[in-house]
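The following pair of complexes shares a single chain, chain A, combined with chain B in the former and chain C in the latter.
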Partner chain A sequence: MKQLGKKLFGILKTMLLPVVVYLLFGLLSGGRTFNERAVLTALRTTVQPAIICYALLLGMSTGVMNFSAGAVVCCGSIIGIGLSNMLGWGLPGFCFLAIAVALLCNTLFGLLYNWLRVPGMVLSLGMLLFFEALPRMFFPGGGKMTQADTFLSRSPACFWIMGITAAVFYVLYNLTPFGHNLRAVGSNQSVALAAGLNLDKIKLLNSVVGGLFLGIAAILYMSSQGSLFCPSSMSSMMVMMDAFMGVFLGMLLSRWADPSIAVFCGVLTMKVMSAGFIAVGLPQNWKDVVTGFFMLVVMAVSANATLPAKMKADRKFAEEAEKEYRRAISA
Partner chain B sequence: MDNEIILSARRVCKAFGPTRALVDVDVEVRKGEIRGLIGENGSGKSTFSSIVAGALGMDSGELFLRGEKYTPKSMVDAQNHGVAMIVQEAATLPGLDVASNIFTGRLEQFTKAGFLNWKEIYAKADRILADIGAPEIKGRMNIEQLNFEDRKIVEIARAMVNNPDLLIVDETTTALATKGRTLIYRLIEKMHEENKAVLFISHDLEELMEVCNTITVLRDGVIIDTLDKSNMSVDLMRSLMIGRELEGDYYRSDWNGRMTDDVLLEAKRITLRPYFKNINITLHRGEILGLGGLSNCGMHEIGRVIFGIEKTLTGEVVLHKDGRDVRIDNTVTAVNNGMAYVSKDRDKESIILNSTIRSNIVSPALKILSRTIGFISPAWEKQFSDRQIKAMSIKCRNGKQMVKELSGGNKQKVVFAKWLGTDSDVLVLDCPTRGIDVGVKADMYRLINELKHQGKGIIMISEELMELMGMSDRMMIFKDGKLAKEFDRSPDLTEQDIIEYII
Partner chain C sequence: MSTVSKNSAENLEIQARLDRKAARKNVFDMVIPYVGLIFCLVFFSIVTNGLFLSSKNLMNMIEQCFTLVIIAVGASFVYAQGNMDFSIGSACGVAQMVGGLLLLKLNFPIYIVIPVMILVPVASCLLVSLISAVFHVPVFIGSMCIRSLLAGLLTIGVAKAELIIPISDYPVLSNDAVKIITLIAVIGIGMYFFHFHRVGKWAKLIGGNQVTAAQAGVRVKNQIFLAYAILGACVGITAVFTMFRTGTVSAQSGSGIEFSMMLAIVLGGFPMSGGEKSRMVSAIVGAVTVTMLTNGLALWGIDPNIIGGIKGVIFVVIIALTYDRSAGKLVS
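Now for the complex of A and B:
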């Protein structure tokens, strides 16, 4: 019971951040964001980056920052819809193919990571270029979805998808040996190896599972855009940018709540901020500056969260020492 | 094969490049036997135990476990065969809870339809911890809540998961204080009573004599002798280990006390939460000042405050240098003004393992090396580090060798070499001989004595009373963060005189 209470309190603390940011921008904009539509929009646009976040978080658990995640999403979206349209498989076919393509892409990433033994960041940049080029080879005109099929990215379908994906992530990360082994490898590879864990297998599996989440994100991305051009010159980075910012925030929030919730709250905070900037009429340049500054402040505050308490305790201890010294002198 | 034999090793050989770590090693360990394994750093004892524990493969030879051929593929495989090892280095997984640390690599046994049964995992972890005598540690605790010693206990629990028939304790006790040591001794006794066996590796010869019923001596990868209770003696073990009688006295032979009354460094009313308040320390030129007590008495932290790693909450640390008073409140000031520090946690704080011997040695001396024109010449670096390598007799291929490839004793020599190169006036040595063999220990003691005679001031922090008594001009004994007693060097001083102020 005590554990459950602690967990619930942690979740509440985590959810407090987007709520506070929402209230702040609501007040700053003169209440312009205090309406159901704005809330729904923020929640809806959070879904796809939050799912990309899960994939990024899995990679980061083993120390791999995957810059090719956005390109995999584009690849899954464009090749998935292109093949589905070509074969006449409709929406179910697209969903299946988008996930299959993303799984294949990430499996390839995982295999190369194990074989080449180059730093994950270096490999991901190389793979980013490859995955951006891949849809251009087969579907140079990009991909297009029928209007009727775009409902997946809208309410309520997107929230169902989010709920199910978060549950899958929670189960995989917390209730299976896979999640545990992943954290063990991320925690200390040499100890994990000595404990008999197969590092290569775990890292590959991690990449494959990451592909599953990127596949789901690809479905939502295509649904939200309707039509897509093939990415080039690293433009796919923009697809993962919200997730990228959110994952750091989510990692900080995960000290209070499970990552499946913390990551969502992290991305939601960023989305609420973006909407808030528009509401207060902040120019784009300033929006980027404030967003970057906000990230730095949050991370600095979080990293030094224990500092005030430590300083207070130190001061008290020094006062006690001072008193003891004076007592000793007077005696 | 004799039913009484648990482990039998026949003609086991292992080489690392051109270095032959084990040469035709034959060992038989019987049921109920507590076999000590001793030798200088690099003698092959850890290599042998790692092969038996599945952490290393052998080049040739055979192993038999309970009469059957035994070729462990990994440490988990070895554990599944009933062989477990507790190692010297920290081997826990930060960020995970205690239960996850205990069962890493074996979690599949707790799954139902692919899902982990955490209730069962925590319950079993609690049971194992209670069985080994640490019921206060719980499976649900985050490993980061625990101190170094309790983490080590978690590692012991991990080793005991499969109820092993052969337990290897590899230099673990040197890193532990009373609680951890007592727990290990109790476990060893239990193994003995249950007719199981233990391979016990330690540099503490008295401890080995206390714990083991047989002791095997290794030198340069070759078994020199196996002693039983009747012919064990510290002197014999020392001479068998290093292949010669230790010349002269092991510690200092003089009883002269400090060389001058010149004050070199003063710590005035230093305070650090939660360890100690208002501690005063004065160090003189040509003095070895010993700080002793139990591991948690605050003495290690005093060393850190003196060197500026931790900031004192009251008072100050003042170095008297060339007629000036220099306030030491950070490590940069300390190093720039001729202070040196050897940490108790050598691998984390004193050397960079993934760097070369040369880089480590020149790191505090870059200012000296770049003094002329501001640039550092690789030739000067080489010259400088080669000189230190030679002076300290570091066993290595050359200065380009990675520090992580060296034995414990040689790593410690690198630590000393890097500070000696800077010609430091004050040396704060926290457990300078921790985990190193008697041969290197004797060299270190000789060096510390030489430094004293050169007029350096040395603060030696140690948990070994004999070492403190043998080397210090003056000893400050701490208990619960307070100075319990100060002793001057004297031939009449006994361990008993000091112990009553420690406990």
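Now for the complex of A and C:
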């Protein structure tokens, strides 16, 4: 009972961050964001980046930063809708194909990662360019969805998708051997290898599961945009930028709540913040600048999160040593 | 006794075999960038029916090469330390935007505009190094954040309209002789500092082992700042000449330079992790190869957006061929 109470209190603490940011910007904008529509929009726009976040978090649990996630989402969206339109398979066909394409792309990344043994971050950069060029080879004009099929990114469908995806992520990450292995590899690869874990298998499976989440994000991305041009010159990075920030913020928040909730709250905070900046009168063009700046702040805080605790421990140690020294002198 | 002698003889043989293998790998690593360069030259000459080697295209390639080679000189110092900067393209674009605005909107004289244009990327590169060295944010991610920030600033700066620079008013800056002199000067100064001065030697030492460098008395953070400042200055010089070559500043200005640079480093055989094997000539050879690749593929009639994908594949293949896999399965 006490454990449950502690967990609930942690979740409340995590959820407090977006609420505080929302209240702050609401007050700064003279109450312009204090309405149901603004809240729903913030929640709705959080869904797709939060699902990309889950994929990124899986990779980052094993220390792999995948910069090609945005390109995989674009690939899944454009090739999925293009093939579905060509074959006349409609919305179910698109959903199936988008997930299949994203799965294939991420599996290819995982296979190459295992085979080439180069850092994931470097490999993902090369793969990003390849995945950006891939839809252009088959569908140079991009992809277009009929208006009737775009309901998936709207309320309430998007919240159902979010709920189911979060539940799947929670189960996979916390209640399966896959999740435990993942965290074991993430905390110490050498020990995990010595303990008999098959690193290659775990990392490949991780990429496959990540591909599934990216496929779901691809469906929502296409639904929210309606039509998409093929990405170029690393423009797909912008697709994953919100998720990228959310995942770091989520990792900071995950000390209080489960990552499945923490990353959602992280992305929601960023979304509330960017909507808040516009509400207080900041031009739309400034979005990238604000995003880059906040990401920098979040990264700096995230990288130094253990610093205060370390300083406190050092101080305590110094005080104890001083006491010991004085005691020895007086004796 | 005889067992001991036998064992030591076996050990010597194993050592000799390993030495031979290492020497072969060294030769392979040194030769492969030049083979790549020659392959590009021959391949594109054949598939474009000689158009690739026409005087007009060669001049065009020298223009394109100029940008990347100058940045390669500066990037050598940063990459030799095992660092990188992913914001140089956006920094180059913002420098052009600042220069354009000063020149067109505020009517500043050119002798003020040029130093300001050089200082903008220096400041941005110093910011990247500060975030990495002081705040311990991984340099790759820190520079990604700065890239996003600078790209946003560039979009804001040219939001209303592209900046059109009156290049005919400044013929000196588009003069070929001036460019060649600048190129030779930058390479010469860069080579001296990289190979014969403590700045370059310390950069390689930091790349080899940062702790050892610090123990040997090198002020690691200061050297990291210095390397990034050199890179920034080179990006600034490039920004000046690029602005007066293209005559326009748009939201796309400078885009793609960062990846081209990374590709150049990889294709030239410059070790990504830095260290004592870093050679500036590798970065320069890589820059020339990337220029040939981009130009040759475009001349061959490949869609410019597909070229990005081809570059990506080449990047992965070269990384696969040259990356040090001593970490085995423990790579992340």
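As a working rule, the second predicted complex is superposed on the first by the 282 of 331 C-alpha atoms of A that agree within 3 Å, B and C clash if a C-alpha of one lies under 4 Å from a C-alpha of the other, contacts with A are read in each partner's own complex, and residues count from 1 in each chain.
We adopt the following convention: contacts are C-beta pairs under 8 Å (C-beta built on N, C-alpha and C of every residue); 3 or more make two chains touch, one makes a residue touch a chain.
Just so it is clear, the model here is predicted, and its values are computed rather than measured.
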item: First, second, both or neither for A:Met295, with chain B first and chain C second; value: second
item: Touching partner for A:Asp314 - first (chain B), second (chain C), both, neither; value: first
item: Contacts of A:Glu132 with chain B and chain C, given as first, second, both or neither; value: second
item: Contacts of A:Gly196 with chain B and chain C, given as first, second, both or neither; value: first
item: Chain B versus chain C as contact partner of A:Asn181, first or second or both or neither; value: first
item: Per-residue touch tally on chain A - higher for chain B or for chain C; value: C
item: Partner chain(s) touched by A:Glu324 [first = chain B, second = chain C, both, neither]; value: first
item: Partner chain(s) touched by A:Leu116 [first = chain B, second = chain C, both, neither]; value: second
item: Chain B residues within the chain A interface of the complex; value: 55, 74-77, 91-96, 100, 104-108, 111, 114-116, 118, 158, 269, 271, 273-274, 277-278, 313-314
item: Of all residues in chain C, those that touch chain A in their complex; value: 131, 135-138, 140-142, 144-153, 155-156, 159, 252, 255-256, 259, 262, 272, 303, 305-306, 308-313, 315-316, 319-320, 323, 325, 327-332
item: Residue ranges of chain A in contact with chain B within the complex; value: 171, 175-177, 180-181, 183-184, 186-188, 191-192, 194-197, 313-314, 317-318, 320-322, 324-325, 328
item: Contacting residues of chain A [partner chain C, same complex]; value: 62-65, 112, 116-123, 125-130, 132-134, 136-137, 140, 189-190, 193, 199-200, 230, 232-234, 237, 241, 283, 285-293, 295-296, 299-300, 303-304
